[in-house]
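Each structure below appears as structure tokens.
The following pair of complexes shares a single chain, subunit A, combined with subunit B in the former and subunit C in the latter.
Entry: the complex of A and B
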């Protein structure tokens, strides 16, 4: 069934441009340009949508081109507002999260209806934020958190990118958590702490089996030959609590040590992101004082 | 015994603006001090627009993109091309070979014809509007990004979003900004034979008239596919006057668009694009939209049949709070890039204040706006 409220374009299906890769050199993993325990540079700003109660914008630089940015997220928070009359009584703040990729955000054009991966991201984001918000201060009210992914964290080249989507989703989720926390703080909604997302991954840098897998922070799929496992953590630093943990990959079940250290590194990445978040918030508070 | 003084309540200006927006705006437009300038609540004079800022090529996955800001209204526009093979077009009518149409277009036009008319004649010579018939331009506007409290996701597009998409779409077709020749992918059978398989040897949509000199080919060249331009607009922040900002973003993004050269590979029977060879679209003219809202002295609720009576103000580039107070809105799209002002579209709805004289004056204001926007987009 077509969406009759939008302009749908031609009835026949269109095909995205297919590039002839034959005349291009086969790409290899670009290699990592930063130490394994450093995350990429981040730009965070609050107050981009003045009509919303709170809003924030996050940009994470990409490693491929210096100066170009990989992930671009915009988040707005509306509320707390009273629930509609038809809604049942709720003693807590009802949290609604929406994560939506823009149609031009990824290599393949996305539709306007949310697909399953976007719903998945929304659920993860809601879990991560629920642990941070003091929800019983607002009974009978609701808050909407909307994250628009203006640009996904993807390389433009399509040659070696098969199966990277899930790792890119993890990076997107950690960005969503950080930007949503900034927007929540901008909206003045009480939280126990600022929650930030971090990703750590177990990677193999060369294709051969001889190299030992290593753990890196904030992995970029195009920088590594193979990602074996990754974990995305939402972490509250002052309370030392993890509100959401998303682990995915192929790690031997017997190796608890590896599992633990991966989560530990994820927490470290989250701490780094949190420093940016706190810096941005103090800066915006300082601006408010002077003006 | 003095009479008890009535309790005085002092409220700040923002509270007044929120409680009684109409009298508040009226008061600032009609200041009591004799020398004061009439101002709006946002501090602008009635004819003052918000400065426009444009940032083209801000996205890496789209073929063309632009971020446009006017005050607190922020729009991101991404243009993405996808290929539509002709066998997927239900009622496709093959075109005559390119050399024939080119001759027809140049043959029956005098030397003094403007480019618009030449292109129109080119389209008329073959008698079809491919852009419209095959739906090659697909603009969509998304407001439900939390850009304002009234637009929340999870519901179908609002009436405003649908109206804006339709307006942008019809304006794209009526202004003939996009040249359909840029979107055609040509293929000449036999022309690409032999060992010459480099990009230049093949007939692409970009090689202009290189192969029509000989005329000894057994099969004429034909169109194998069209580019479909998906023009997606996302409002990051919404503060009134969405159409002007959206249209400026569309124009800026289309001017930024570079499509890769596409060719038909007969052996594999697929369309292949070359990543290195990119070509800008030929965008005709620079249409600029300019909107204003009419603010009446009488409040909307009490204004009955005699709404035209009483004073009124033309508020340029209205913001969100002003839009809720005004019913009559006028939008003029002008293009002065040919040296003279051409009105591409006039839209007016919601009232009876603006007549012929006011409209004529408003076109002058739109010309001024056009020069401002031109400065911004050319930068």
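Entry: the complex of A and C
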């Protein structure tokens, strides 16, 4: 489907190139600054969009210096509202998820219409949230969850190595799940638990086959030489349930243990994210007390 | 206020207060028994350490004892490894095993800790929870690869079956499924409305009943399964029950903003984290690893499997808070607005995330940026809804007390209610107008009682009706002087009569087309339509014959009215039907006409047939209806190639006949025309064969015809020729003003029903007007009358001088046929009534009017007689009116009422 309503730039445009300066020491692969079992720091805040029923903003910064690129997500929840007359009867809450990269969110500029990868993310997000929402409490109603990815967790410096964007998409999905759970809670839509997303990856820190691959939480592609496999998990901590699992990579099928440990690490990352989520919600409840 | 906002503003303090007891128990005050054990243990440890005891403080010993649950040996081992002989790197397996064991113990007890204020010793609960808190630090630095390796060693069979061994595959065990807390707000109703209990729709009620039934069934089936559920589940259910109780204790209007709080698990975890921060507040300098207690306390008994060993999960969740939360970037700062601007961004604050929660609000923030000034605190209670204020009265020294209602509201809000509400204004106005109308009805009904009684005598005294609308206002014009001042065109009406198929309608259609009353397009359309049914020559006639029946049959059935104007006069065309079956309609038309056009078919044989048929009958009828001026249009002369001989022949014959029918010779004129082609109608014939005719065209003849004198000063008489319903009035009457005048607002009397009506508005000659005079065609919009009282043929008259109703009358009749005492139909305009000739008192002389013969048995055709007609029902008739008597489809007599 082509976008006829807006004036689109030429296809395939990118941000301005980042030239290697002779004076500046080329920023080599920076390596991971945090422990392998720690996720990046995140900032989560609910109630950022006044017009929405519920909303949340999530920010994950990659490096210590503020303002550097990271993941910035804004989620708004509209509803529960009655379904349009044309819609068929539904005894459950009809969940609609939209994940959209802002045109400027990634190195490769995005269009205004959702492309297939964004639709894919939407489907993943919907699956993740569907397991958490108590949908039969809202018959004949619909909820729209709209996640805007304002910054897509792509390092500007690494523009020369146009890597596989799937790894960044996994990080984005885990963020989407967490921020959508916060926005759902902000909207007061009943859930069995707060669902949070977590990513674990099997990475190789130095090039070459001799180094031992290791599993890290919350991988940032620019921090590692190579990502062999990754797994994004949406996890309900209280019920000990995984609502969505996305596994990707080149892992020998025989090594079942590796699969297990990747999923476990993903759950661990999700638990860590969930703590931030619960803390944020507690804080917003506390705010409700004072105001 | 949106619901979102409403929920946000709810007071959660009440809800959370109920759990204060729990947080108090978290206090690390030791109970006397613990203190006793602690001192004993400390002494034992110090003894065991011997000289090395100086290297460790009492606090460290106590800490260790606390963690190892007063196990002296373990505490000593720990203290030695930690403080006395700190190894460069502790052995990895040892702490792992230890923590594993401890964690298992911790998890077996953690469910008891859940029993918020149940009968378990609180100190034990505190201890166990502290144990879990303290466990992790040693294992924090675990590398994941190592972790996975050691998992591999600890696991027996790494296979798919093992991977999914605790996967329920749909059969989720009872202990894992959560207990749903019913929603706190009474849902199930329609949104909105007042605070009353919402009404359930039928569908909802049905769904609720069905759900209840299903729950009962499942409860019965689960009863067996529940019997074997162990202690852990019981304790979990207890906790759930506690939660449910707590939820039920909440006021139903309050509702958690976070949905997570409504679910079983997250509620206590939220509370727990809150209580932790509360505990942290008094002593922020305390050891940080104790405070952010790691696992959510409500976590159900973990099963080894997907999530790995308990130690692993414990380690995973033990990651410190400060590793995961961060201050927002400048963008996020702007986006999240007020809250984060109040947050300190020092490094110290960032490193201690629990400090962030400590920031106290000075109260709600005002303004967009949160820096606005709070409105002054209002200490008035809600009971102060009025206030007595003392005000100086005018320029005197007196003071008066003024009661100000709702003084807390701003002046503008109070002003809004100072005046009567718009509803009150409307209601008051309506009440006023009703009383006025009530006063008005009295004189109106009085007038009704007096006026009709004067004339008819049988006009019954009417009940004063409830008048719902005000009477139309009369401007009390002097209509006659208005009429004289009025310099409009004079109006005249003429009827087109003639034998059937003489071409009356076609001629009139051509006339209207040539006068541009109908446009060429309409005629072309009609022509096309006519062609489709094979009657293309009827296209012009269809301009006037608009009914489907008339078009299919090709004859005019009812009179068609149209209007055109020339330079001087507005003409009303009444196209009468020629067929003998529709003579009554023709009579109705002729009674409204000032003069007549008699159309004669000049075709060979057609004229002669007509002379025996309706040409003759129509001529006699229009004459007896009082029409004296007649224009004879000799039509279809194009069929006889404009033969002058034929025209002259017809002219001679018709002149003789018409003079015999007592038309004066000066009132008769002859015009040779072609209705189909329009020769000599509006324009002169361009046909050279018709050049012999130099007289006036038909329209010129019409213009030269003076309408008969109007009976302007006579009492009002209107014959209703049509009654229908319009937007302006349910009773709309169309007719011709036979005599008199009227104006808007006049009261009228409808005869024979005797009902009174008022003129709401009127159209004179199709134009809105204030008044109308005799001779005009009017459309009256009547009010204050029921439609059943007005029928076609009724006489509308002046209530002061009403037309009499009578079922017996005497008339001077010109007989067209033999008259004997017989059944006749009396026609007067649209009105026709059945009756019989009751008596023939006298035979009169045709010229002098003297009685020639008394009580004749029979009246011969062509003679004049005085007859008495008895009607079956009273009809409004009065002297001087012309009526037609018909019998058996034939006109038998016409005459004047005496």
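Simple rule for what comes next: the second predicted complex is superposed on the first by the 256 of 291 C-alpha atoms of A that agree within 3 Å, B and C clash if a C-alpha of one lies under 4 Å from a C-alpha of the other, contacts with A are read in each partner's own complex, and residues count from 1 in each chain.
Criterion: a residue touches a chain if its C-beta (ideal position, glycine included) is under 8 Å from a C-beta of that chain, and two chains touch if they have at least 3 such contacts.
Computed from a predicted model, the values in this text were never measured in an experiment.
**Student:** Just subunit B (first), just subunit C (second), both, or neither: which does A:100 touch?
**Tutor:** After superposition on chain A, A:100 lies in contact with subunit B alone.
**Student:** Does the superposition put A:48 against subunit B (first), subunit C (second), both, or neither?
**Tutor:** Once the two structures are laid over each other on A, A:48 reaches both partners.
**Student:** More residues of subunit A are touched by which chain, subunit B or subunit C?
**Tutor:** Touching more residues of subunit A than the other partner does is C.
**Student:** Who does A:74 touch here: subunit B (first), subunit C (second), both, or neither?
**Tutor:** Both subunit B and subunit C are touched by A:74.
**Student:** Examine A:35 and indicate which partner it touches, taking first as subunit B and second as subunit C; both and neither are also allowed.
**Tutor:** Second partner only, subunit C.
**Student:** I'd like to know which partner A:152 touches here: subunit B for first, subunit C for second, both or neither.
**Tutor:** A:152 contacts subunit B only, not subunit C.
**Student:** Taking the superposition as given, does A:226 touch the first partner, subunit B, the second, subunit C, both, or neither?
**Tutor:** A:226 contacts neither subunit B nor subunit C.
**Student:** Go through the superposed model and pick first if A:8 touches only subunit B, second if only subunit C, both, or neither.
**Tutor:** Only subunit B is touched by A:8; subunit C is not.
**Student:** Indicate the residue numbers of subunit A shared between its subunit B interface and its subunit C interface, in ascending order.
**Tutor:** Touching subunit B in the first complex and subunit C in the second, residues 48, 52, 72, 74, 150 of subunit A appear in both lists.
**Student:** Using the touch rule from the top, collect the residues of subunit A that touch subunit B in their complex.
**Tutor:** Within the complex, subunit A contacts subunit B at residues 5-20, 24, 48-52, 55, 68, 72, 74-78, 96, 98, 100, 102-107, 109, 112, 144, 146, 148, 150-152, 154, 156.
**Student:** In their complex, what parts of subunit A are in touch with subunit C?
**Tutor:** 34-39, 41-45, 47-48, 52-54, 57, 59, 61, 66-67, 70, 72, 74, 134, 137, 139, 150, 184-194, 212, 214-217, 237-240, 242, 256-261, 263-265, 267-268, 271-273, 275-276, 278-279, 281-291
**Student:** Show which residues of subunit C lie in contact with subunit A when the two form their complex.
**Tutor:** Going by the criterion above, the answer is residues 2-4, 7-13, 16, 141-145, 147-148, 151-152, 158-160, 163, 176-178, 180, 183, 187, 207, 255-266, 269-270, 273-274, 296, 298-300, 302-303, 306-308, 312-313, 316-317, 319, 321, 323-332, 335-337, 339-340, 353, 357, 361, 363-365.
**Student:** For a test of understanding, state which residues of subunit B touch subunit A in their complex under the given definition.
**Tutor:** Contacts found on subunit B: 59-62, 65, 72, 74, 76, 78-85, 88-90, 134-136, 138-140, 142, 145-149, 152-154, 156-157, 162, 165-166, 169, 228, 230, 232, 234, 236-239, 260, 262, 270-275, 320.
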